[in-house]
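In what follows, a single structure is set out as structure tokens and then discussed.
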Amino acid sequence: MQSYLLAKDRLDGFVSRLADRLTVYVPAKGADGLWSFVASGSAQPPLALTPEGGNTNMPPKSFVFPRTEVLMRFDNRAGEGGMILREEPVPAGRAVLLGVRPCDAKALAVLDGIFGRRASGDASGEVSGGAFGADPYWAARREATILCGLACNYPCPTCFCDQMGCGPHHREGLDALWTDLGESYLVTILTERGRELASDLAPAAQADLNRAESLKAEAASLLTGKFPMDKIAQRGVLELCELPLWAELAATCLNCGACTHVCPTCHCFDIQDEVKGERGRRLRNWDTCMSGLFTRHASGHNPRGDKLARVRQRFMHKFKYIPVKRGEAGCVGCGRCIKACPVNIDVREVVRAMNEQAPQTPEGAA
Amino acid sequence: MQTRIVNIRAAAKAALEEGLCRVVAGYAPGAIAMRARPVFIDKPEDAGKLTWSSFCVGNLAGLLTQAAKQASGRIGVVAQGCVSRNLVGLIGEGRLAREDLYVIGVPCLGMAERRKIEARYPGRAIIAVEESEEVFVVRGKRREERMLRRDALRDNCYTCVQRNPVIYDALVAEPVPDTGGGDIDKVAAPWEKHPPGERLAAFQAAYANCTRCHACRDVCPLCYCSTCFVDESTPQWAGKTGDFADVATYHLLRALHCAGRCTDCGACESACPQNIKVRRLTSKLEKDVRALYGCQAGMALGESPPLTVFRPDDPQDFIK
Amino acid sequence: MAPRYVDLDKCIACGECAAKCPKRVPDPFNAGLANRKAAYILYGQTVPLKYAIDPEHCIYLAKGKCRACEKVCPTGAVNLDQTGVHRLLQVGAIVLAAGFKTFDPSHLDYLGLRRAPDVVTSLEYERLLSSSGPNRGHLKRPSDGAEPKKVAWIQCVGSRSLNKCDNAYCSGVCCMAAVKQALMTAEHVKDVADRAIYCMDMRTHGKNFESYYEKAQAQGVRFLRSRPHTLGPGPQGKGVRIRYASEARRELILDFDLAVLSVGLEAPRHFARLAETTGIAVNDLRFAAAQDLTPVASSRPGIYVCGCFTGPKDIPQSVVEASAAACAAAGQLVLARGAFVPETAIRPVIDVAGEPPRLGVFVCSCGANIAGVVDVDRVAGEAAKLPGVAHVENALFACSQDFQERIALAVREHGLNRVVVAACTPRTHEPLFQETIAGAGLNKYLFEMANIRNQASWVHAADPAAATDRAVDQVRMAAAKAARLRPLSEPKLSVIPRALVVGGGLAGMTAALELAKQDFTVHIVERQAELGGNARSLRATLGGQDVAMHLARLRRRVEEEGRITVHLGKVVAQVEGYVGRFATTLTAVGGHGESEVVEHGAAILAVGGQEAKPNDYGHGKHHRVMTHLEIDRALRFGSLDPYDVGSAVFIQCVGSREPKRPYCSRLCCTHTLKTVLYLKEKNPDLRAYVLYRDMRPYGERELLYQKARELGVIFIRFELETKPWVVVGGDDITVYVKDHILGDLLELPADILGLATGIEPSDAADLARMFKVPLDADGWLVEAHAKLRPVDFATDGVFMAGMAHYPKPIEEAVAQAQAAAGRAGALLAREEITLPGLISRIDAALCSGCGVCLAVCPYGAISRGEANLAEVNEALCKGCGLCAACCRSGAPSLAGFTDADILAQVDAMLEDHS
Amino acid sequence: MTREAFSPRIAAFLCSWCSYGAADMAGVGRMGYPADFRVVRIPCTGRLSPKFILSALRQGADGVWVSGCHPGDCHFISGNLMVRRHFTLLKNLLEYVGVEPGRLHFSWISSAEADKFARVAADVAAAVRALGPASGALGALIKAV
């Protein structure tokens, strides 16, 4: 593992040189006051990779798993026997995202486990993760996206990454991790393809590495809101499902999709064909378990027919079902849903209750 | 503000004790700064859970229909001006019955826009915000700042025309001046100022970040359709994508569906995780309905919504 | 029957005959302002839309050469050898509705009609304004085609005149027509400079007329109280110069761009012959004679008369009389009712449920009408490619009898379950093709038309390729919709052959008796303890018939009539059900005692109105300050002796035409005239004064006005701003009024002061709510259409009669009662009602119970049902689709026009675009 | 596509009782007008959901024309008056977000007014032609497939 140093006043030059070879996205503040990843050319210099409030408003998930993705097109205008099915080409060229927070990178690593990922640089390479092999759309975009992380020195009050197998300086899923040392960034290369991002940087000194280590420890110490989760694993699915907390949540949950849309690990989707006359396209759109439509059958029956079942699903999925299958939580502790929820449902309180709440007393019992 | 909290708790406690209602919908403190969360209490001793702040930016009227179905008997609700107007609207639409409601009315000082406060102190984590009638005290780590209420008000609260509840069974503070001080006509329908050729671009830019989470719809007390038009599948005429054509269809028709019913409560904007100024569409309709038909939603019980009636001499200059 | 020279069965109204006809003749429909051909249709909306040959002008019929139309007719419909036929019809009753003609003022030199080109009659002006008129709605004056900015109307041309013509009566409709034309002129002329109506009185006495008059005044229409004595051409022979005497007794000259002569209505000469042939009497005014208490009965039993045949009247009153005449005839024919109703055969129906669509598309050439422009082969070829299309066929004439058999055959041979015909317009031809597919066993609603003639080939002849593109698209749209169509049923609803009449006044009793005559049972519910209503106070009708005697006769007949049950002292407490099947609960006034439920199929609301009580002019302070009814009662019961009265003063419009009661009560002017004439006849020495704003004795009532003036009654006009005032001191009544001509204040001592107070409606709010019928702002019941459906409500099965609709004199109330009975009888005579298939239904899964549909439904057809969700009463739904358009969640769907149907058409029209 | 060669596709929603009849009559009178219209017959303008107009625009209609009975003449008493408010608000809203006024047209045309039908049709077509294809200025609103 090699580390380099990039002075902050050389950041703009570094990015513009990088942009000669790759499409570079950096966090920038928009006119609406929100931080998001934008192409480096459209960001106002000098670049500042650190969003106010700690992170971009939306996670970089959509670079790999777009809100709406065309899977293929079809056309029957040539008449009988002329039906054409055409694959949708994956966008050519590679992109690099600078300033990705460790939690968001970890989230993509979690999703790699679900969508599946091919070994780097080989379209027919070995698949890791993915229940049905690699999802080609995910895998292709994932392959074309280099993630350059920026460690969190000042976690937010809503952050709980450390509880979720992640942390402010966590490296999983990243190709390189940058650490803000004040006047400069410490650039730590984590993968082969991350290496090309440091080709013209000077190596870092031990003092810099030490400084980064102490920042890491300091950041970790700022995360204080610990809550135990150990009992969830021991409780049965049915027991968890029957906890009173779900009814309490359902009383105020709006069943909107805000939490799922801002979530870096939510990945439910819906595939639809859009047809105009004799032609059309097949699409994959984000969907949300909060929506009744998500699970409604063609018959009209809905296995998750009420709000309670839907709000429960999101938490059970992240904190019970995924851990059972994959051995880690389906949440990375970024805290976005806490901020986004219109009725202020706090995932930390929900998890605490899943862990601790006593089962519902059967009716009639004392 | 403290008076309001104390009186809300007292009113809720009394109402539950005296059986004036079976449950009270109000707000409890949020888990983090600048948030409040809706809560239902059904025991007098829980009245202490209730609070009131300038961050009660949802709209409890929307949650009531569901609650009213579940709770037999009267249901109490803490309501400021706009929410009370929505209650009136929902009564008119047969969703609620006046006699099934116990309205704890709150003369409103206007709700705060947390993003305005955050923008004032960029890069610093806000741990708590305390407030008086005039001033917000913003606390961070090892610091404390002051901000005038009028600088932190939500846009809709600045131009509010009905801060006192229009219906109530108990009032928790002296009535306040009804208007928020701003002139709605100066700020409503902002794209009218653009030349026609630039409006679509402005519309596109404003909604560019919409991911169609539908929080604006789901927080809206008017959006109670069992199946929203965007969720219709037979036929599915409005697409499900994030393409602007679909985003635009969703927002345009939703705004139209709220026309003449919207009280400009601002919950849609407050709920949007992408900070989209949804009122740029709804304020246009509110303005037109007011200017053309002289109607403002929910101001009095028994009024017909303006799109369910007509006058023979309604303006029709555009019709050939 | 005169020959038409066109076979109605063959004519497809393609218009080729007219296009080729070489003979141009002035078009009488356009008052001669435009030309048509000798082969013609009378006007665009003629039913049936078929051509005719005008034998007076046809070159062949006149000179024996031409026959161009015959050669060009693609269907061989022209038959110039047709001859007239005599037909003998055996009937049990005759209704004469021969109408009127307008007065022709061309011989009246001083009006300048043919001397000044820009003087036109009101009928000509009507055509000039009409978008289907000679100038296609662009208002141009005849002299130079310029748009007139200053227009004058001259009222009473051929009316209220024995001097220049023999029409002493008022034509009753011209004032409103002039006001309407004045308002419409501003819609045609952007910068209208002057609109002046020269009138004697403004007679806007109908329902909502007064407010219309006020609107005109507010818009700046001038009303000049004068009868101009000379109209002539303006400078350079253009425009019109009008000379008249103003109210200030000065001669004035005004120039206008155009002048309109508001010509009156009169009986054409041939009425005399018709009357002679039919053996009915005519009156002094040369109209058919009828009595006030039997307004649609001619002098000969079994022959009924209605409309302007009996005297000038407006559209609603004509329609009322038409229904009344039909009612009277139905009463006469009751024993033979249903004798000529054909049996309908029950046909087997193919069940298409669950089948994928198999469409047959039939593309019509309409001779060369379509194929001459549209490439019908391409249309057929494109149709064949459409999804679900199983069979495509071209037709020379899709509407021909043999092609109906082709369609039926194709349905059977190809197993078609939906049919699309691309041809002319569904407005005329849909029923034919629906009948054809029904004959072939398909539900008739599995049909859709694409209009590729009227709306493609005929209008896009200049661009055949574009016309073909459009035709291809319209067929694709029709197929897209057809593929979605579902069979619909037309539910039947049995009718309870019983009527409920609410209100036992003259109108109510008349209606009940008419229904009983038609063999229906009737329940009358009357709030008061006896029948009779206002008529109990009235003395005589317009024509002098004794009201009291008539009333006594009516009451006896009602009491003796076994089919009529009378509920006195009762009111309607609750109404359930709908057309054909109402269940109405009656209770005693005040709600005491037992209630009773009457089941009935129709209801007639005849709850009347009453004379308004005056609160000024000394009423209540002096016993000789009396309202009309008080005077009538006093005269009837002898407490007022005409010989004791030395001077009588009448004040008109007491409380009427004022902001608090803005409408004109229509009958008070005539009532005053009747009373003052009665007094004057009994006591010729009586000094009588009538203080008025406009005298409105419309129609033949004008003769009373004329007679009163002849007898020396003095009429003094006042303005709303200078109302008379009354001083009551001791025994004396003194009336002061400013004479508008002399400008002097007059002092009129009065032995009696008659106050014409107008009529107020009964409080019908509860009744209206229960029967789901509307009340207007003044409290009158609102008819379904002010002109065309004057006794109906939007709500089926409920009708109205008498003064609950609007103030009216006895003869009109009787006619309306007969009309209501006629309308109700037509409903009750049916054993069952067939409901239309194209109605709305609510998908409960989508309904959230917001109530929008309930609020917008014009027919009150939607109510809250289970779980507070909306429910459509299919007996009341008319299929307008407002509910479906207004619902936010798409719960209502209108069969035949569902969201999916229409969106499928939108999809289809744009699928290859952009 | 040049303006001259541009033949717009205009969705026309015509009330069966009046304007559709006027269109038929215009045919009887051979009154020519541009062939840009594709007519959907509706039972009353009261049936016209805003979604039909939005759907047409989404799919690239260059113009939309809605025509019904004159106020007071509605076959269903008041369907046209009731939806007049909806039309007003919809038209205002669409213009507010940049749909040019010349794309959306409303008229009252009775079945007797064939001339008016042909005249308004020509006006509507001219207005839409002057604006060019919707896929230009309004492309963002059109659903791409």
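Each chain carries a letter (A, B, C and D) given by its place in the written order, and its residues are counted from 1.
Heads up, the rule we're going with is that a contact is a pair of C-beta atoms (placed from the backbone, for glycine too) under 8 Å apart; a residue touches a chain by one contact, two chains touch by 3 or more.
Just so it is clear, the structure is predicted and the values come from calculations on it, not from any experiment.
Trainee: Measuring from the mean of all protein Cα atoms shown, which chain centre lies nearest?
Mentor: Central by C-alpha mean position: chain D.
Trainee: Where the CA atoms of chain B average out and where those of chain C average out, how many Å apart are those spots?
Mentor: Computed from C-alpha means, the inter-chain centre distance equals 50 Å.
Trainee: Please tell me the distance, in whole Å, between the geometric centres of chain B and chain D computed from their C-alpha atoms.
Mentor: One centre to the other, that is 36 Å.
Trainee: Can you work out the whole-Å distance between the CA centroids of chain C and chain D?
Mentor: Here the centre of chain D sits 30 Å away from the centre of chain C.
Trainee: Note the residues in chain A that touch 2 or more other chains, in rising order.
Mentor: Residues 274, 276 of chain A each touch two or more of the other chains.
Trainee: Check each residue of chain D and list the ones that touch at least two other chains.
Mentor: 51, 55, 59, 72, 78, 82, 86, 142-143
Trainee: Can you tell me which residues of chain C touch two or more of the remaining chains?
Mentor: 845, 856, 886, 899, 903, 907, 910-911
Trainee: Given which chains touch which, is the overall layout a line, a ring, a star, complete, or other?
Mentor: Looks like everything touches everything, fully connected.
Trainee: Can you list the chain A residues touching chain B in their complex?
Mentor: So the residues of chain A touching chain B come out as 30, 32-34, 36, 50, 52-54, 57-58, 67-68, 154, 156-158, 251-252, 254-258, 260-262, 270, 272, 274, 283, 285-286, 288, 291, 293, 307, 336, 338-340, 342-346, 348-349.
Trainee: Sort out for me which residues of chain C touch chain D in the complex.
Mentor: 13, 15, 19, 41, 44-45, 49, 130-132, 136-137, 424-428, 451, 453-456, 458-463, 466-467, 469-470, 473-474, 477, 784-786, 794, 838, 856, 858-859, 878-882, 884-886, 894, 896-897, 899, 902-903, 905-907, 909-911, 913-914
Trainee: Which part of chain D faces chain A closely enough to touch in the complex?
Mentor: 59, 143, 145
Trainee: Touching residues of chain B toward chain D in the complex: what are they?
Mentor: Contact set of chain B toward chain D: 189, 191-192, 196-204, 229, 237-239, 243-246, 248-249, 252-253, 255-256, 259, 281, 284-285, 288-289, 292-293, 306-310, 312, 314-316, 318-320.
Trainee: Considering the complex alone, what residue numbers of chain B touch chain C?
Mentor: 92-95, 224-229, 232, 234-235, 237, 257, 304-305, 307-309
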